[in-house]
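In order of appearance the chains are A, B and C, and numbering begins at 1 in each one.
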Amino acid sequence: MTEGTSQTAAAAAPLGIAKAATHSASTQCFKGNAKAALGDRDLQNALKFVEVNFIARRQEVADRLPEFEALRDAARDIKDHTLAYLDLYLEAYERRMTEQGGNVHYAVTAEDARNIILDICRKLGARAVTKGKSMVAEEIGLNDFLDANGIAAVETDLGEYIIQLRHEMPSHIIAPAVHLTKAQIEGDFRRAHSDLPRERNLEEPTSLLAEARSVLREKFLAADVGITGANFLVAETGSSVIVTNEGNGDLTATLPRAHIVLASIEKVVPTLEDLAQLLRVLARSATGQEMSVYTTLTTGPRRAGDLDGPAEYHVVLLDNGRSAMLGGEFRDMLRCIRCGACMNHCPVYHAVGGHAYGWVYPGPMGAVLTPALIGIDQARDLPNASTFCGRCEEVCPVRIPLPKMMRSWREREFERHLSPAAARWGLAFWAFFAKRARLYRLATAVAARLMALAARGRGRFRHLPLASGWTRHRDFAAPQGATFQSQWQARRGAARGNADPPGEQGARP
Amino acid sequence: MGETMAERKTRHVGLFVTCLVDLFRPSVGFAAVKLLEDAGCTVEVPRQSCCGQPAFNSGDRATSREIAAQVIDAFAPFDFVVAPSGSCAGMLKIHYPELFRGDPNWQPRADRFAAKTHELLSFLFHVCGVRAVAARLAATATYHDSCSGLRELGLRSEPRALLGTVAGLKLAEMHDANVCCGFGGTFCVKYPDISNAIVAKKAANIAATGASLLLAGDLGCLMNMAGKLQRDGSAIAARHVAEVLAGMTDEPAIGAPHAPSGPAP
Amino acid sequence: MTARDLVLATVRRSLGVAGTEAPRRAAVAARLADHPTGVVPARGRLAPAARIDLFARMVEGAAGTVECIAEPSAIPQAVAAFLRRHNLALAVRHGDDPRLAALPWERGPLEVRRGASDGNDLAAVSHAFAAVAETGTVVLVSGADNPTTLNFLPDVHIVVVDAADVAGDFESVMARLRERFGPGALPRTVNMITGPSRSADIEQTLILGAHGPRKLHVILAGSH
């Protein structure tokens, strides 16, 4: 994570800023979180829908587009190109958007970004703020911070609104309330909208949506400031882009006096044509739509002659550790366009859902990004809780090698001795033998016989002391008795094939 | 060198038996030998331990490289290296070159080694040109696509094609055959509850096919799925696909008792 | 050091560059000036009539409705008919777009108001800048002609698209935006709209009419 202060940000931060209790990450509690998730029946039912719906829809829409694979390659290449020249594209973007009347603010840390946004709101005398869905805003804990400083920020994306009522984090980057049942949402609405008639019917999703529409419509119209994220920033035109389905992002951006965009620096793409490439893979990978309902390019404040639109347009460019990622083995993670396809296809995510990951970014992309942003020592379970099945990489629209990067985190963890002692010892014990083939052969020959004997012809173990994790839920097959290599040696004899291989005795690396 | 061998139709194969087969189920190794010899190969088994994947996936690159170097050395005399496991073959073929990237001495050796390494069924089908086997087995089976074999090595149609030639064998495809079984090597012991949730889904999908026999190309996956099926009280038997293709199904199925009353399922 | 300096310096340090290198600057300048086209799906590359067919089908596939009106002067009646069909009040708001202003609204039963939406309009009519056949998308630009609030606040949004403005793909529309607004320049808002507003946030049940319009009706003008 980028350390260091920024004079401009510090100077801009007025006195008397209340520190917010931001959503503290519970990434350290992955195992406990996962266990709770596995026992949560409502969550398990909700996750079944994730598994079935998202996967099928993506496949259908991909099958309908012959150029889909070529577009994935193009999307990857555009991101790689942009990252290689990120400094220059950021400068170009900044130049363009300033020419169009926008204001750029760079933020090194999450704290800087929060302070910049608070400062803008205070200067405007803002009391009411509407928000479009933004993972970066979750990352910096914006809502709680604004709230602690007397500014009410209302989430307007339906899923985000619901979890805001529950004071929860999103459990999925596209469908934040995917873990909830209709009954839970009804309970939340009744609690929160206490001024509405109690006998009203909220059984159907349509009535819940209708209620949210009318409650939030008032908020849209009353907001002083609207804050959105950005899926992309286009350098050529100085535009920010949001990709949504509800229309809340656009109402947030259009109605208030000021529009603030919060975007991390890797969102930049060079041109409108590049944007088109990425748009073609984004919605398809995320929800199985060919295009989201609303894809909006926003450039500067309202122009002279416009009848609507904000008078002020601010873009906060957040670093928060990304610039450091550029130089290392996690650079490819900066290609991510936040589609959610990886978690939609992940067997671990299907089992435990998003909250188990403990922070803003769940699933495979979260397993790689979270340690980069908050440190591997805070999030060591995330890249470890993977079978490396590879489905995430298979569907990633920008072809991020996610399993490889999870493995890189495991390497960092190993180098820094962060893994539990028992695991290190177990590995060291195994490695001692694995590196010494002759000894290994002897040891395994003994182990095979002993285990086979212990199984007493039943062929399996119901309990196995050193493998209780396995035998808690599964039987463990016993060895057949004599290892393959010992049988091979016996059958074929020393004359054929079990002598030391002749020839190259290459130098060990 | 490889082409000359192919022309002479005698392929000298070093069998990478895999640590799980070696320790738990040698019959898979012998089935592999039979299939290879039937296809005109000579088979030898140099002294070996493991491909190093446990160290690799635990982040211990140094140990992985040390083991990899030993494997590359041990298999140097052979034209082909064949493993009855998609996950081990993937380690040897895809990850060994990664381990030595940039090493002027070992990278070329690792690349050459990777080029001559194959998963068993892929080798039989694509290199030896095997299109049918002489085995027979009256049973309905379902096939699980192990993740590494499928996604690292592209193995999908070959097992099904060859199983289709086993007389009397019916194949019933399970729902989500290509979805992970939850084994994941060290994953199943580090996160046993999550692994269990995943394998429970897999077991349900297997049972829903009505098959009496579960097949796959990776013993780790098979032990995981068989263990769950057995704990559930299922009668479904699990075997490695090589055993069925080689017609060697007299041994008890995975995890089954050692004194069968008749021919094993 | 400002935050800007710090961020750019860290980016440059990570990339191992100074930022002043001429070849890099040239590469970026070239891409921005040339804006090379990437992979364009063959789907939209059709003759005009087939393109319009595809556009209509895609709009319907996204839960929008389409009708073709050969004579623009018939549009006000078509709008009225649409509102009647859906039991809606015969009132619309539209902006200063000359193409809409030129229509014979006075001949019909519709109450017409001009300008941006104040949140009380049930129906609005906009004229699209262009449309994209490959996905059934209408493209609208902000300004007094077609205020952005008309696209989002009313319950019903009716969009008039000239048949000649239906492009096959996004790249074609982007080229037109450049022509109209100048290279590197865009109005405050460009909305690319595909169907009516929706949400699937409640148990993944798809419902139309989240915060934006519940209905999107496209009138293809000048086609048959």
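The rule we apply is simple: a contact is a pair of C-beta atoms (placed from the backbone, for glycine too) under 8 Å apart; a residue touches a chain by one contact, two chains touch by 3 or more.
Because the structure is predicted, anything quoted here is derived from the model rather than measured.
Novice: Taking each chain's centre as the mean of its C-alpha atoms, which one ends up farthest from the centre of chain C?
Specialist: When every chain centre is compared against chain C, the largest gap points to B.
Novice: Most central chain by CA mean?
Specialist: Central chain: A.
Novice: Quick one: chain A and chain B, Cα centre-to-centre, how many Å?
Specialist: Each chain's C-alpha centroid was found; their separation is 33 Å.
Novice: Centroid of chain A to centroid of chain C, CA atoms only: how many Å?
Specialist: 30
Novice: Chain B to chain C: how many Å between their CA centres?
Specialist: 54
Novice: What residues on chain A touch chain C, complex-wise?
Specialist: Residues 2, 4, 6-9, 46, 49-50, 53, 65-67, 70-71, 74, 78, 81, 84-92, 96, 100, 104-108, 112, 156-159, 162, 175-178, 180-182, 185, 205-206, 208-209, 212-213, 216-217, 220-221, 235-239, 245-248, 250-251, 253-255, 265, 270-274, 276-277, 279-280, 287, 289-303, 305-309, 317, 319, 323-328.
Novice: Would you tell me which residues of chain A are touching chain B in their complex?
Specialist: Answer in residue numbers: 31, 34-35, 38, 347-348, 350-352, 384-391, 393-394, 407, 409-415, 419, 423, 427, 430-431, 433-438, 440-441, 444, 447-448, 457-460, 462, 467, 469-470, 472-480, 482-485, 487-488, 492, 496-498, 500-509.
Novice: Could you please specify the touching residues of chain C with respect to chain A in the complex?
Specialist: Listed in rising order, the residues are 1-4, 6-8, 10-17, 19, 24-25, 27-28, 31-32, 35-43, 58, 62, 95, 115-117, 119, 134-137, 142-144, 147-149, 151-153, 169-171, 174, 177-178, 184-205, 207, 209-213.
Novice: Which residues, counting only chain B, touch chain A once they are in their complex?
Specialist: 17, 19, 21-27, 29-30, 43-50, 52, 54-61, 63, 65-67, 69-70, 72-77, 100, 103, 105-106, 109, 147-148, 151-152, 179-180, 182-200, 223-224, 226-228, 230-231, 251-252, 254-259
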